[in-house]
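Got a structure here, written out as structure tokens. Questions coming.
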Amino acid sequence: MIVRPHRHWFVRLFAWHGSVLPDISFRLFLNLLMSLLALWLLNWYETLGIRLTLAPFSLLGVSIAVFLGFRNSVCFARFSEARHFFGALLIACRTLQRQVLALFPDEAPRIQALLLAFCYSLKHQLRRSDPRPDLERLLGADAEWVLSRRSPTNMLHLQLSHWLAEQRRQGKISDLVWSNIDESLNQLAAVLGGCERLASMPVPFAYGLLLHRTVYLFCTLLPFALAPDLHAMTPLVSMFISYTFLSLDTLAEELEMPFGYQNNHLPMDAICANIEISLREMAGEEETLPTPLRPDVHYRLT
Amino acid sequence: MIVRPHRHWFVRLFAWHGSVLPDISFRLFLNLLMSLLALWLLNWYETLGIRLTLAPFSLLGVSIAVFLGFRNSVCFARFSEARHFFGALLIACRTLQRQVLALFPDEAPRIQALLLAFCYSLKHQLRRSDPRPDLERLLGADAEWVLSRRSPTNMLHLQLSHWLAEQRRQGKISDLVWSNIDESLNQLAAVLGGCERLASMPVPFAYGLLLHRTVYLFCTLLPFALAPDLHAMTPLVSMFISYTFLSLDTLAEELEMPFGYQNNHLPMDAICANIEISLREMAGEEETLPTPLRPDVHYRLT
Amino acid sequence: MIVRPHRHWFVRLFAWHGSVLPDISFRLFLNLLMSLLALWLLNWYETLGIRLTLAPFSLLGVSIAVFLGFRNSVCFARFSEARHFFGALLIACRTLQRQVLALFPDEAPRIQALLLAFCYSLKHQLRRSDPRPDLERLLGADAEWVLSRRSPTNMLHLQLSHWLAEQRRQGKISDLVWSNIDESLNQLAAVLGGCERLASMPVPFAYGLLLHRTVYLFCTLLPFALAPDLHAMTPLVSMFISYTFLSLDTLAEELEMPFGYQNNHLPMDAICANIEISLREMAGEEETLPTPLRPDVHYRLT
Amino acid sequence: MIVRPHRHWFVRLFAWHGSVLPDISFRLFLNLLMSLLALWLLNWYETLGIRLTLAPFSLLGVSIAVFLGFRNSVCFARFSEARHFFGALLIACRTLQRQVLALFPDEAPRIQALLLAFCYSLKHQLRRSDPRPDLERLLGADAEWVLSRRSPTNMLHLQLSHWLAEQRRQGKISDLVWSNIDESLNQLAAVLGGCERLASMPVPFAYGLLLHRTVYLFCTLLPFALAPDLHAMTPLVSMFISYTFLSLDTLAEELEMPFGYQNNHLPMDAICANIEISLREMAGEEETLPTPLRPDVHYRLT
Amino acid sequence: MIVRPHRHWFVRLFAWHGSVLPDISFRLFLNLLMSLLALWLLNWYETLGIRLTLAPFSLLGVSIAVFLGFRNSVCFARFSEARHFFGALLIACRTLQRQVLALFPDEAPRIQALLLAFCYSLKHQLRRSDPRPDLERLLGADAEWVLSRRSPTNMLHLQLSHWLAEQRRQGKISDLVWSNIDESLNQLAAVLGGCERLASMPVPFAYGLLLHRTVYLFCTLLPFALAPDLHAMTPLVSMFISYTFLSLDTLAEELEMPFGYQNNHLPMDAICANIEISLREMAGEEETLPTPLRPDVHYRLT
């Protein structure tokens, strides 16, 4: 199980790493400049009959909040679905390991290697990183053929399926046991297909675009609407409101594609290490268990 | 896996293709005219005792935002369900290919052709386009009979089922294996039935209608409510608010029926090509793999 | 597949049939009268110290919008679940037809008749209409016994089950095949039980009541709150807001019980015809295929 | 199927039974007193510099509406899940009855009695009422042993399981048929476990508490915020807003624990009677069918 | 079934234990101080041209309410999922107990001990408490080996799997019965994997952080925005609004990680005791049934 340290609430209040502050600090700074500009020009443009009052921004702000809430729940659902897939991956790997240990103790090491290779290869496919080191470590010479295919993860799955069909052909297992283990292989296939779906199909582009634009324009015009009422407090309130809206917009975008290396993405390295530990422990390889990954000093876990 | 390029946030901010701007530009222009009219007539109709203040529009705007949020989540759920069906289609095709390769290596090419024909035929049925070229490419002379039926996709499914029953009758597979593969065929049937349900049953007509009307009337009256307060800024704020509401209304309508050729519709061409690549690679037809479809210069993927 | 024509957006904007306007026109007219009354009495009751301002109505209106949003999503979920059940009915019927055609070609016509009778009987049970014509058309003389039972749909299901058990007793199918087809029968039972649940258990009565009362009272008092600010524009704005709230309330009520004949109810006639076409086509009865139902000139489909 | 009469909308508007009015009438009366107090003391406490304006109450009211909306959807989900369990109970009982009638016609009466006893015992367990009369009616002398156990419902389930295992041991059914019927027994177990989960685990106490307190305090202070603006209309508007908020709070609480005797609780008596009718009809006991329960003159169904 | 006493609504209104008041009392006190400060400094900072009006806070407050609503539903979904897992644990344990009692009466005591050890070990793993006392009580000498492993819960599951495979190897059960019971073991594995997922993967850190910060800053600035309007009533209204927002934020955080000892966490002690009672009762160990845990005098149940 992946263990995360707990941060004190006061420390958290000023957290920089792990928050979205680094991503939006530039835009908050722009907002500050815009507020100062609004204050500086206030008297001049009021004489021109150009007025912005808060009432329409209130209507617009609440509407944007409703839409941001919707976009956040959609993007969070994607993140959550991705997390479910990796949870299901752990469960399916354990089940297959359990079934293989019980029914084919001799073959267990090879199947375990294929299962782990499947997990690592899936991780690299989703991150578009190089699977070579992990696959060579796990599969040795067999890795070469897999790496030469277009979709190594699916090919590893196919190898598991071929191995299982071979056992059935040789009469080592009945049709029923074949069907049972095949069902577990289907779980792996569902995880693979589901992750590919998430990775290849973002939330419709126009949603994100619409909210980006609206949030940016809203934050840009806001100081001009606040200035007539708040005078010197304009920068504070404007940055506060902008912080809330920009953060949520940025966070939604991060969660939309959860398979990267960012702070709020899925810690797939840790999850794969966790699966490896679990399978090796089940096989009794106590002495060679890797250490679980832990968050670094900035509470980051990749 | 379908790969999508990433656009820089600044480029995105001014994106025209892929956004809903082309669809609503005419209505935004009308809104601009209405704003200018409101400003021009302001003094005249205020003397008539005709006044519109922002307060009731604020109440109405927030209410419409809540209802638009509801409609968007309903329409997005349809889009998302459609995407799930096509994800399940890939998984089911792979599973069937896997089972057929393991159990009936000789029959694999024919079944692969039927599976791919099923996918392409489903695509054409949902888009109401002509399945002939794809079916003839895949099935050769057998395509004629299928094309002469009312529902070719279901007939292709029936052919798969008949082939499977034939294998069982000839004693090539036990009842249990039959039952297992039949289960995979049921997955295909569920995808077909589900897509037909989505395509034939929109969100109740009155929902879309109600929000269309309300949004249009709201955007038309809004300038008159803004003008007394904002004077020269009326067109800017009115178009901003209208942009937000009209965009969401338009986007919801696009997502409601996700099986077309519009920007935010399902890229079924790319998905079908992807399934074809996946099945052919599993069958070892490395040399004849088609190239995956990629978004065009406007980031469009059909 | 049921095909629906597309209406131009401009035509739709003034649609009368299919919208909820016919249902609420009387109440909108009452609202108009109330607005005129509010305007007429304005000076008199302001002198009495009776004042209604928009601020509390704004708070109340937004709250009602949130609750209406909740009620709409609940009622829409019921509609959507009902639609899912009828989608699952089509899929289950096709699966059974497929299995019966493959395994018992001789019995297929009789089973097809029972399956279709099940669908039509379900439709009539949910609409509380008379199943006699449909059952006599499909079952001939056997219809009499079924019609004499309290719950004909469930009895038809039981007949399917008895027929299947008979095949197993006679050794025509193994226990496994029996179990597979029994599973498909369970799908039918789940559809039947689910539809009965929807039909016999509305959303808790107090929800609808609460929102009815609140919406009515809100719309009745609204003109008095608008009149001091808007004067001559009161009827327009009041009717606009009332239209939005009354429509959503009415629509939610229609969707709550989706098994009727109203515009936004499930088109069960078309769905049953569709199932019949699909099953007959699978059985090769090309020449006797009924024509699919299409929406009438008012875009209505029952 | 349980049939409910339809009430005319005008009658419904003044419905007392079935609404939550009886539960909140006392609190609405208190609110009236508070409004009169606010009006009476208005001049006095305004001179003391004590002012309450509507603006912060507007912010608070909308926030409470959002949270009430959340709480309502959570509590409604519990009600809805409970209803699903009882729907699944009907389906599972019918399936078991169907399987037993087909495979063990001789044993059917005994199993039917056990199934019905399971349903009634579940009802009594959830309502903490006395299962003795129902169990004695159904099981005769065997009821005594069951009633002496701590959890009679689970014991009845265990008896069904023991009976099934006995059939398998005697070779009357193959392992496969055993497995199929065991699957149906698992459905019953899932209903039992799910209902126990709902009954033993309310929504976290602090949620209800938080909203109770907030709603009560809000309604108590509201008249003082309304009085300066609305004068004589304060009681009307204050009671209207309080009615909306208190009703939703009360309704959510009722739905949270849907296994009681209140108006909006599950009509478990009617559902159990319905299951009994359905099973007896399937067994051909036409002459002894009980009459379905119908709502009483106050539209109440227990 | 776990039984909870009912508290009178008036008593509940002033409940201290079980509410989140103890957690936020310090922050509410700070808010009181801030209100008094705002009142005291009001005249001074108004002369400096520093003004805060309620309008932007209204916009911000409603937006925060929308986001808090989203965060609450996400965190509640985690709590609810955890509760579902423990419900599924009870159901799976009962099913396994039922199957073992029917098929291997001799082995039942050993399997029952392993099942209970699995439940208690899962509880201790999630709470990071010491499983030794419970495992030694249940397993005796066998506990030592399990306790020496890194993940005892998974090892207990593996033992159950090994035992089952042994029965199959010895020919005591057919492949089919093996497959059936293996399916029940998979349910246990799914509960284990799901709970590990919940425990190791919180809601993205940035969500909680963002709302914490926004709520704190909002509550800190609120008194300054209320003071110009409300004067002496500022502390009351400011604390009321802060109470609502801080409570919901705190509650969401508690529910996010439901496996602890706090008031609104899962009562895993009571649930495990309940499972033990249920299994022992099924095995007929009537005389040694433990007593169910009940809430203490503060209505707390761990």
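Every chain is named by a letter (A, B, C, D and E) in the order it is written, and numbering of its residues begins at 1.
The rule we apply is simple: a residue touches a chain if its C-beta (ideal position, glycine included) is under 8 Å from a C-beta of that chain, and two chains touch if they have at least 3 such contacts.
Here is each chain with its UniProt name: A, B, C, D, E = Ibestrophin.
Here the structure is a predicted model, which means the values were calculated and not measured.
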Touching both chain C (Ibestrophin) and chain E (Ibestrophin): give me those chains, sorted by label. D
Quick check on chain D (Ibestrophin) against chain E (Ibestrophin): do more than half of the interface residue numbers occur in both copies, making it same, or fewer, making it different? different
Taking only the C-alpha atoms, how many degrees of rotation bring chain B (Ibestrophin) onto chain C (Ibestrophin), rounded to the nearest 5? 70
Report the inter-centroid distance (CA atoms only) between chain B (Ibestrophin) and chain E (Ibestrophin) in whole Å. 39
How many Å are there between the centre of chain A (Ibestrophin) and the centre of chain B (Ibestrophin), using C-alpha atoms for each centre? 24
Which chain E (Ibestrophin) residues reach two or more other chains? 55, 58, 62, 64, 66, 69, 73, 176, 179
Could you classify the connectivity of these chains, where an edge means two chains touch, as line, ring, star, complete or other? ring
Following the ring of touching chains out of chain D (Ibestrophin) and into chain E (Ibestrophin) yields D, E, A, B, C
Of all residues in chain C (Ibestrophin), which touch chain D (Ibestrophin) in the complex? 48-53, 55-56, 58-60, 62-64, 66-67, 69-70, 73-74, 125, 149-151, 154-155, 157-158, 161-162, 164-165, 175-176, 178-179, 182, 185-186, 189-190, 192-194, 196-197, 199-202, 204-207, 209-210, 212-214, 216-217, 221
Can you tell me which positions in chain C (Ibestrophin) touch chain B (Ibestrophin) when the two form their complex? 1-4, 9, 12-13, 15, 18-20, 54-55, 57-58, 61-62, 64-66, 68-69, 72-73, 76, 79, 83-84, 86-88, 90-91, 94-95, 98-99, 101-103, 174, 176-177, 179-180, 226, 229-233, 236-237, 240-241, 243-245, 247-248, 251, 254-255, 263-264, 274, 277-278, 281-282, 289, 299
